[in-house]
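Once you scroll down, you'll see the structures, which are given as structure tokens.
Same chain, two partners: chain A is paired with chain B first, then with chain C.
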Partner chain A sequence: MTNIEKLNAAFVEALDLDPNESIRDSYSYGDPKWDSVAHMALVVSIEAQFDIMMETDDVIDLSSFGKGKEILAKYGINF
Partner chain B sequence: MESIFNLQGKVGIVTGATRGIGWSIAQALASKGMNLILNSISNQELLNERINELKENFKIEADGFLFDVSEPNSVKECYNQIFKKYKRLDVLVNNAGIMKDALIPMISSEMIDRILDVNVKGVIYNLQYASRLMGRNKSGSIINVASIIGRVGNEGQVVYSASKSAVIGLTYSAAKELASQNIRVNAIAPGFIETDMIKDVPPDKFNKISENIKMKRLGTPDDIAKSVLYLASDLSNYVTGQVLGVDGGMLV
Partner chain C sequence: MSVIDELFSSNPYSLSASRKNKLLVSELNELTSFHYSNCEPYNKILTNFGYKPKKRIKAIADFPFLPVRLFKTHKIQSIPDTEVLKVLTSSGTTSQVVSKIALNRETATYQVKALANIVTSFIGHKRYPMIIVDSDSILKNKSNLNARGAGLVGLSNFGRNHLYALDENMNLKKEELIAFAEKFGNEPVLIFGFTFMIWQYFLGECKKHGVNIKFPYGVLIHSGGWKKLIEISVSNKIFKSELSSYFWIDKIYNFYGMVEQVGSIYMECEHGYLHTPNYAEIIIRDYHDWSPLPHGKKGIIQTLSLLPRSYPGHSLLTEDIGHTVGTDNCRCGRKGTYFLVEGRIPKAEVRGCSDTHAESLTIFNQ
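The block that comes next holds the complex of A and B.
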């Protein structure tokens, strides 16, 4: 799996999204299915996909799919 | 029934684990095969002794981390280490706490800060990181050690009771938030327990409190540990958002 596929999979799993649709960078917190409760599941899912543990500041900053890519770059995961 | 109590291969962390209630909890969990991470605030030598004792007596994996639970960076580092070594966490026992008494006019701002930092912020920091590790397996049990004082209050314990009421409140909220991930969050509210923490209680006060214990004896750290074992195990796998009073009937 490529990194973008992994990130997609994390979002699909945590937010119960359609696995056949690729997620846009603009998909953001507050959009359908991404609420405060789902946010926690999303963080867990991303951490599990990439085998990392994110900083609390990054958990708070995770506000969109595109932002997720930026944050993951800090952990050496590039897209 | 024995298999339900079996914690073999599971991983737990106990804060404030080297003495009193925390140490009894650690031994109870280890006796059922749980691998443990112990936390202590300051005594590296005692921490090492406790780790070795658990390894020898129960043949489990045990590690120790010396840190103040109110320091978020230290808490984070501990969970990073747990993540690196075990890749999982099944049980968190938020036991570390401090008790300082003062009548209302004598309460200092430093005292308020310190008690709330350790007893409330420390619990929240551990809860934050623990729940993320538990979320990976969609399973976990968080047990917060509150106090009967957080339910009914006590003279001279305005700050302490506030901190323990906060623990009860955050237990309810966290239980609601984490239930969808199959992470259970419960609290234990010990009554009058025989530990170092009560050795400074004046005799007249001691006697007055003791009279309220319907079971006519002080609680022991082991009494609390047994309740933790129940909440940590599958025996309680449909129990969340509860405050279990372990007080010999002080409130009945």
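The block that comes next holds the complex of A and C.
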């Protein structure tokens, strides 16, 4: 799997999204299915997918799919 | 970068009195005028109290305040319904009427960022394995989280490998807890829960069932009021010493906060005082004439916060009693006003608030 496929899979799994649709960068916290409770599941899913441990500030800053890519770059994961 | 975003990127207790005062007065003027223009009931109340939108308010103590219970009886928001991201409600354990607080994306984001700014200044930026002394069944109704659920979710951002220590009947998950302690007991762990739940269902049940777990590197954060514990004569001092001697946890932080101002919480420092962050302030008011009181004098707590953008909750009169201790000179080194909460207003004395409340009702019905 490429990194983008992994990130997509993490979102699909945590937020119960349609696996056949690719997620747009603009998909954001507050949009359907992404609420504060689902947010923790999303963090767990991303951490498992990339085998990383995110810092608190990154968990807080993870506000959209696009932002997720930016944050992951800090952990050496590039898109 | 907006003023508030700048505040979130610095230490939450960095501003000394004169700078903080200047910043708060300026921001609170903007907030007051914003809500005045966008929230009709608020506009009516302020008009009735003689607020002039073009006249700048010069001192923090001069900003108009709403009694918190107004949010229990009226829908008060400054945004159209289409912009409401979620509605927070109070837990409703002590009263049947609950507050309803409408949040938009901006306010919800500020709340999360403020909480992170404050909590990370105490525990650092790493996320530790976390025990949440509650049941995850409370998170089922996501779009309408109550204060308890919102608190749990908000604090869970600071941990990982979360263990909800109670089942839906408030029974301790003994096996899971023991397994958690075996796996993570020798490293920093974060424990969060509401004060009474920690005392009753965590400490109490562990003792009762002889669950012998230790967290020598643990940090415990708790909140939610002392009413029930005061009834059984458990003070903050007893709470701390009992938890510390049973679980070997030394770092125990209480915080004061409310659903009407989520995010700008008041954390207890190492010396036992509650601290106002850069973007919030406390004023103690006299029971009889609402005048602001000096340090050491007991009165009703007014809380001001720069976070509420979707509802006029930036200046609220609580139903709690307390006194300020000082400003900028706590031994812990944090700047800002520090204070103590002493309890709730007894029912018999609520008259003043009710009067204010009744008055506001009249305005609503005009």
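The criterion applied here is as follows: the second predicted complex is superposed on the first by the 79 of 79 C-alpha atoms of A that agree within 3 Å, B and C clash if a C-alpha of one lies under 4 Å from a C-alpha of the other, contacts with A are read in each partner's own complex, and residues count from 1 in each chain.
Note that a residue touches a chain if its C-beta (ideal position, glycine included) is under 8 Å from a C-beta of that chain, and two chains touch if they have at least 3 such contacts.
All values reported here derive from a predicted model rather than from experimental measurement.
K.L.:
With the two structures overlaid on chain A, would chain B and chain C clash, or do they fit side by side?
P.N.:
Result for chain B and chain C: clash.
K.L.:
What is the contact status of A:41 with respect to chain B (first) and chain C (second): first, second, both, or neither?
P.N.:
After superposing on A, A:41 lies in contact with chain B but is clear of chain C.
K.L.:
Which chain makes contact with more of the residues of chain A, chain B or else chain C?
P.N.:
The larger set of chain A residues in touch belongs to C.
K.L.:
According to the stated criteria, A:53 is in contact with first (chain B), second (chain C), both, or neither; which is it?
P.N.:
both
K.L.:
According to the stated criteria, A:63 is in contact with first (chain B), second (chain C), both, or neither; which is it?
P.N.:
second
K.L.:
Look at A:30 in the shared chain and tell me whether it touches chain B only, chain C only, both, or neither; answer first, second, both or neither.
P.N.:
In the superposition, A:30 contacts chain C only.
K.L.:
Can you tell which stretch of chain C bumps into chain B once we superpose, 23-31, 113-121, 131-139 or 311-319?
P.N.:
131-139
K.L.:
Between chain B and chain C, which residues of chain A are contacted by each of them?
P.N.:
In the superposed arrangement, which is not itself an observed complex, chain A uses residues 37, 40, 43-44, 47, 53, 55-56 for both chain B and chain C.
K.L.:
Which positions of chain A touch chain B when the two form their complex?
P.N.:
That would be residues 37, 40-41, 43-44, 47-48, 53, 55-56 of chain A.
K.L.:
Which positions of chain A touch chain C when the two form their complex?
P.N.:
Listed in rising order, the residues are 29-30, 35-40, 43-44, 47, 53-57, 59-60, 63.
K.L.:
Which chain C residues qualify as touching chain A in the complex?
P.N.:
85-86, 105, 108-109, 112-113, 116, 119-120, 125-127, 139, 142-143, 145, 150, 153-154, 156-158, 160, 162
K.L.:
Contact residues on chain B for chain A in the complex?
P.N.:
72, 76, 79-80, 83, 128-129, 131-133, 135-136, 177-178, 180-181
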